[in-house]
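What follows is subunit A paired twice: with subunit B in the first complex and subunit C in the second.
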Partner chain A sequence: MGAYRADEDYDYLFKVVLIGDSGVGKSNLLSRFTRNEFSLESKSTIGVEFATRSIHVDDKVVKAQIWDTAGQERYRAITSAYYRGAVGALLVYDVTRHVTFENVERWLKELRDHTDSNIVIMLVGNKADLRHLRAVTTEDAKAFAERENTFFMETSALESLNVENAFTEVLTQIYRVVSRKALEVGDDPAALPKGQTINVGDDVSAMKKVGCCSA
Partner chain B sequence: MKNSDNSSSSLDSRFNQTLKNVQGLLKGRSIPGKILLTRRTDPPEDPNLHERTPSFGRSFSENDAGTSDQMDTSMGSEARSTSKLNSNSTTTKLKPSYSNIEIASKDVQKSPMGLELQILQELQKRLRELAWSGVPPYMRPTIWRLLLGYAPPNSDRREGVLRRKRLEYLDCVAQFYDIPDTERSDDEVNMLRQISVDCPRTVPDVTFFQQEQVQKSLERILYTWAIRHPASGYVQGINDLATPFLVVFLSEYLEGDIDNWSISDLPADKISDIEADCYWCLSKLLDGMQDHYTFAQPGIQRLVFKLKELVRRIDEPVSRHMEEQGLEFLQFAFRWFNCLLIREIPFHLVTRLWDTYLAEGDALPDFLVYIYTSFLLTVRITVTSFALTLYTVTCLNFSIAAIIFFPLAMPVLCE
Partner chain C sequence: MSITGNNNIPHGIPLSSGGGGFWWAVAGPNSRIALAVTALAGIAVFAALFYTTSRGHLKSPWSRRKRKHALTPRQWGRLFTPDGKLHDGGVKFLKKVRSGGVDPSIRAEVWPFLLGVYELNSSKEERDTIRTQKRKEYEKLRRQCRWLLKHSNESFKLNGSSEPSGNVDSGSLVQDMDSSSYEDVVSARESLSSEERSLDVEYSDDPSSTLLEVDDNSRQQMTNTDASALNTESSDSDSSEDPEAVIQASSSSGQENNGPDEPSKEFTSPSRTELHSSAPAAENFATWQRIIRVDAVRANSEWIPYSPSQASVSEDRARCSAEAVGLKDYEHLEPGRIFHAARLVAILEAYALYDPEIGYCQGMSDLLSPIITFITEDHEAFWCFVGFMKKARHNFRLDEVGIRRQLNIVSKIIKCKDSHLFRHLEKLQAEDCFFVYRMVVVRS
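After this line comes the complex of A and B, so read on.
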């Protein structure tokens, strides 16, 4: 087990949810981010599980409380209750299984039905290491993300590609929204910058900076 | 995982503590099941009673305290196999006829059929008592079939019934599973896809389950069950529940350590018999908890609520502390009820734990509440300085469970 500190000091606590079809790699994204672990032998998530990790944004400590939800439709009656209070979401699909990308629309709808309109959403195409099995093109996903005003990234939890970036980007964006909100007394929900696309492999150096909390 | 650090004496004392906790809890429960105090580590409850009636007396005396109509864990397999709707009324009707031996003898005078029924019921009851403390591995397949009411208690009828049931399973597979996707509804296609995603990640830490044929068997069992139980359909976690059956029924044919098993050593007809037994036993098990897997899983939510209430009654400070920490029972206990602790304890100990589960029969759901309460309070004892947070509960789950349940394997090994 990773020995992260559960009760460290932090300036902000953000709740982030991981959603998407069964078997797309949500739990491995979470374990890669919070403990730098990946398991080919992972089990299906039952109900909701969670983990935390803190990162630095500007000079502030941002603690992410990340809720990993079961992918099966049956569990949504339970898991949707956990959307409450979420300020960020990673909506994950598997780039090798097209049907998981087709279902993104339904997930997005459910997310928007249950959360605040300010929520920061990132579409995440996981398993990008399986290049020969790719069934969803980067262009299609990017176009979808632009249309839906979400961020977008392709990741590989196995190769640790872009996992840090995806989470860090979401947390940073949330931080920007929150700190801007704190400045502006007139609360404008439309102020959230959306529609930006982050390219795969752009900012690999960022990975070296973080990872402080995995033992 | 981490239990190697602990000396065996501390394991023993922890286990004894846990056992005392469970038994202490059981004595106070308002919905009694069968209560057994057969372990050597027990403080003697009533030595006179033990001498007079070594087997039945104890459980009768415990049962007398019960008031609920849900108590009957020892009803005959015939009663158990009736539909869930009827089972309560059947139970109440049957209960007076065997809760007391004197009444039983009156019944005998009335009809010769009554005698046979009485004997069967007493045997079933005795079987449950014995199984509760652990079944030797070589007897486990037979005993589990009996406990679940899949095999009839009457040995003359047994072969015939099993043969018929196994054929029935084969028919179901042919009718529901061995068909092209074009003949399935969209929902059925989705369900099959979900099952095929989950089978390869079922007990992935045991290499035996990585064999493709094993995963295919599992897929057939789960899909057939799901199709025939449309009110719930397949729910993630049910895949875990099929695995103890698979391992136990395979153990009749495959010897040695599970890591050296190869399912391809078995002829196809044996595999299909084993699959059929798994299917029926899984069905019997789940019949007793139907609303655990229907929409929103009300049965599990109810048990989580009961768990929370019981913990509050027993240990108010820990309960308050958890509330202050924002620690929701649903967050950690949901999986315990959903997968019956298969995820939390080492796989080779699961079958031993299930001996006790299956011996509890219809009282299993309530029994789980007591097991998990003890589980939780043991975590609280082990974690120093009262630091029960979601982190400690979820991360320590596994290692603590290993410590608690490892000694449960002992009674069988000692025989």
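After this line comes the complex of A and C, so read on.
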């Protein structure tokens, strides 16, 4: 222990996964949020990749560790291992391709099969800038999100529309869940929902450990 | 994965024969495009790791090797006998390529030999025959692709509101594959309708005649070629994982018993069939068609310096080829990249039909890109890709068995060679080495 030191201080480290069909823009949402970058020629994600960014919620520093997964079915077995310990998820579809919205249900099921029931999920309709090509109405998606009890937002990684809001909202909601839980159960970390919090100064493995016990 | 050009790294990676390891790589001086296939991921990954660390002034294990010169066009010409055979069965040729790589200007000629499209001891005449056969076989696959695209377009719109989940009248035109391995793709066979005769083909042949022709000989030849030229067998691969066995099986169980005069036997399935398999989650040809296009359009432009002819293609030609393969959403691209994307689609789609057990998996476009950069004829590039995939395809299996095995090997090597690093990875719960997934599967 102790060989690894986090390069910054944070109060909470939350693992968030980005899921959804191939080509809906998951990697660009991630790069927009973590590096403020967007690329039309981003390569397809193979396996999993991740990036981090810290934001402030109330007076706390929340570090998001965001896992970007390959959209193709065949990478599913290996990527689903990465759901382990996730406390938040952005389930992305492409507003211009209806099939990616139809598949949301399947993604949701898989997510719920592999994660804690407290996970915060946001349905994200990306590519909202392509107004003339829209194939999924906001109303349909909103209705679905209400039915499934998830948050919902439309984004454009290209125009940087709502990307910040979507991630911030998810992280804030996770923070609410976690701090509420903390209030309910007192300071006993063992009673916390698994994989959800990490205290200042702890290293990544501490969070991993909690996540591990939950799996 | 690739070993990119770097001062600390030799430009040719050995094509070794023993020990279950197989390597093939070609890279000219200062090249950043290289191909490498490995059956032993560990070494490859380590090469990559060392390559990365070499930037931090850590010596690569390859750096001690003396770098040789690449095979030049002149030397290449002198390697052949008057009837167009390589001297001494290509031993000298392989040795030269192993130690020094291939000059970029002759890659298009050399790669088909290295990738088993041509046997090393073939004569010019034999190669011409094979080339013609293989061109026809590729064109046939392309016709099948176009037919499938056209017919799926009738029940759905590619950019429209749904996946092609509807029933598609009449089935696949693929004959020379084992239908049992074809589950998720259309497997119904039906006599050719008048519609197909009128389908707008890129080639003048009447599809109804060529669609039923048998190209098994060329397939068989291909298989044999590979065994000798590519040194493919790795001692630890069992037959179920051996791509060659699979391909051999598909070629032998498909058409051999089923000569061209008995086409009716091929049409064993009901005439109406679903593009979707029964399991909603499974991939199918329609899925592949869609993802191939998504990936082709976003393919990056790092190949451009190596293919000025492709980069400078006219806008008309680029749009024409894009239309021919049903490419969409490419308006933001320059002609050269549209053309590149269209070629990717054509070849990857043909491959998905040719090898339906693998179909299309993301990452394959990254592997094909360097091949089409140097090889201007689609049919030739296709067969080179087939040769390349014989070694790489197990990484792309739907059940992920191949890749898991590779990652496991990487993990073991790290554990054995650098226990400190391994303990660190364990602490991060990353000892499964998923983080090298991309490195193993593609080249970056």
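By definition in this document, the second predicted complex is superposed on the first by the 179 of 215 C-alpha atoms of A that agree within 3 Å, B and C clash if a C-alpha of one lies under 4 Å from a C-alpha of the other, contacts with A are read in each partner's own complex, and residues count from 1 in each chain.
Going forward, a contact is a pair of C-beta atoms (placed from the backbone, for glycine too) under 8 Å apart; a residue touches a chain by one contact, two chains touch by 3 or more.
Model, not experiment: these values are computed from the prediction.
Student: Check the residue A:75 against both partner chains and state whether it touches subunit B (first), subunit C (second), both, or neither.
Tutor: After superposition on chain A, A:75 lies in contact with both partners, subunit B and subunit C.
Student: Contacts for A:46 in the overlay, against subunit B (first) and subunit C (second): which applies, first, second, both or neither?
Tutor: So A:46 meets both subunit B and subunit C here.
Student: Let me test your reading of the model: by the given contact rule, A:22 touches which partner, first (subunit B), second (subunit C), both or neither?
Tutor: both
Student: May I ask you to decide whether A:179 touches subunit B, subunit C, both, or neither, giving the answer as first, second, both or neither?
Tutor: Touch status of A:179: no partner.
Student: In the overlay, answer first, second, both or neither for which of subunit B and subunit C A:138 touches.
Tutor: Once the two structures are laid over each other on A, A:138 reaches no partner at all.
Student: Contact-wise, after the overlay, does A:36 reach subunit B, subunit C, both or neither (first, second, both, neither)?
Tutor: After superposing on A, A:36 lies clear of both subunit B and subunit C.
Student: Of subunit B and subunit C, which one touches more of subunit A's residues?
Tutor: C
Student: Does the superposition put A:160 against subunit B (first), subunit C (second), both, or neither?
Tutor: Neither partner.
Student: Same subunit A residues contacting subunit B and subunit C, which ones?
Tutor: 1, 22-23, 40-49, 70, 72-75, 77-78, 99
Student: Can you list the subunit C residues touching subunit A in their complex?
Tutor: Interface residues on subunit C, with respect to subunit A: 159-163, 280-283, 287, 290-291, 294-295, 298-301, 332, 361-363, 365-366, 396-400, 403-404, 424, 427-429, 432, 434, 437-438, 441-442, 444.
Student: Which part of subunit A faces subunit C closely enough to touch in the complex?
Tutor: Subunit A reaches subunit C through residues 1, 3-4, 22-23, 40-49, 70-78, 81-82, 96-99, 102, 106, 133, 135, 204-205, 208, 211-212.
Student: Subunit A touches which residues of subunit B in the complex?
Tutor: It comes out as residues 190, 193-194, 197-198, 201-205, 233, 235-237, 239, 293, 295-297, 330-331, 334-335, 338-339, 343, 389-391, 394-395.
Student: Of all residues in subunit A, which touch subunit B in the complex?
Tutor: Touch list, subunit A to subunit B: 1, 6-7, 22-23, 40-50, 52, 70, 72-75, 77-78, 99.
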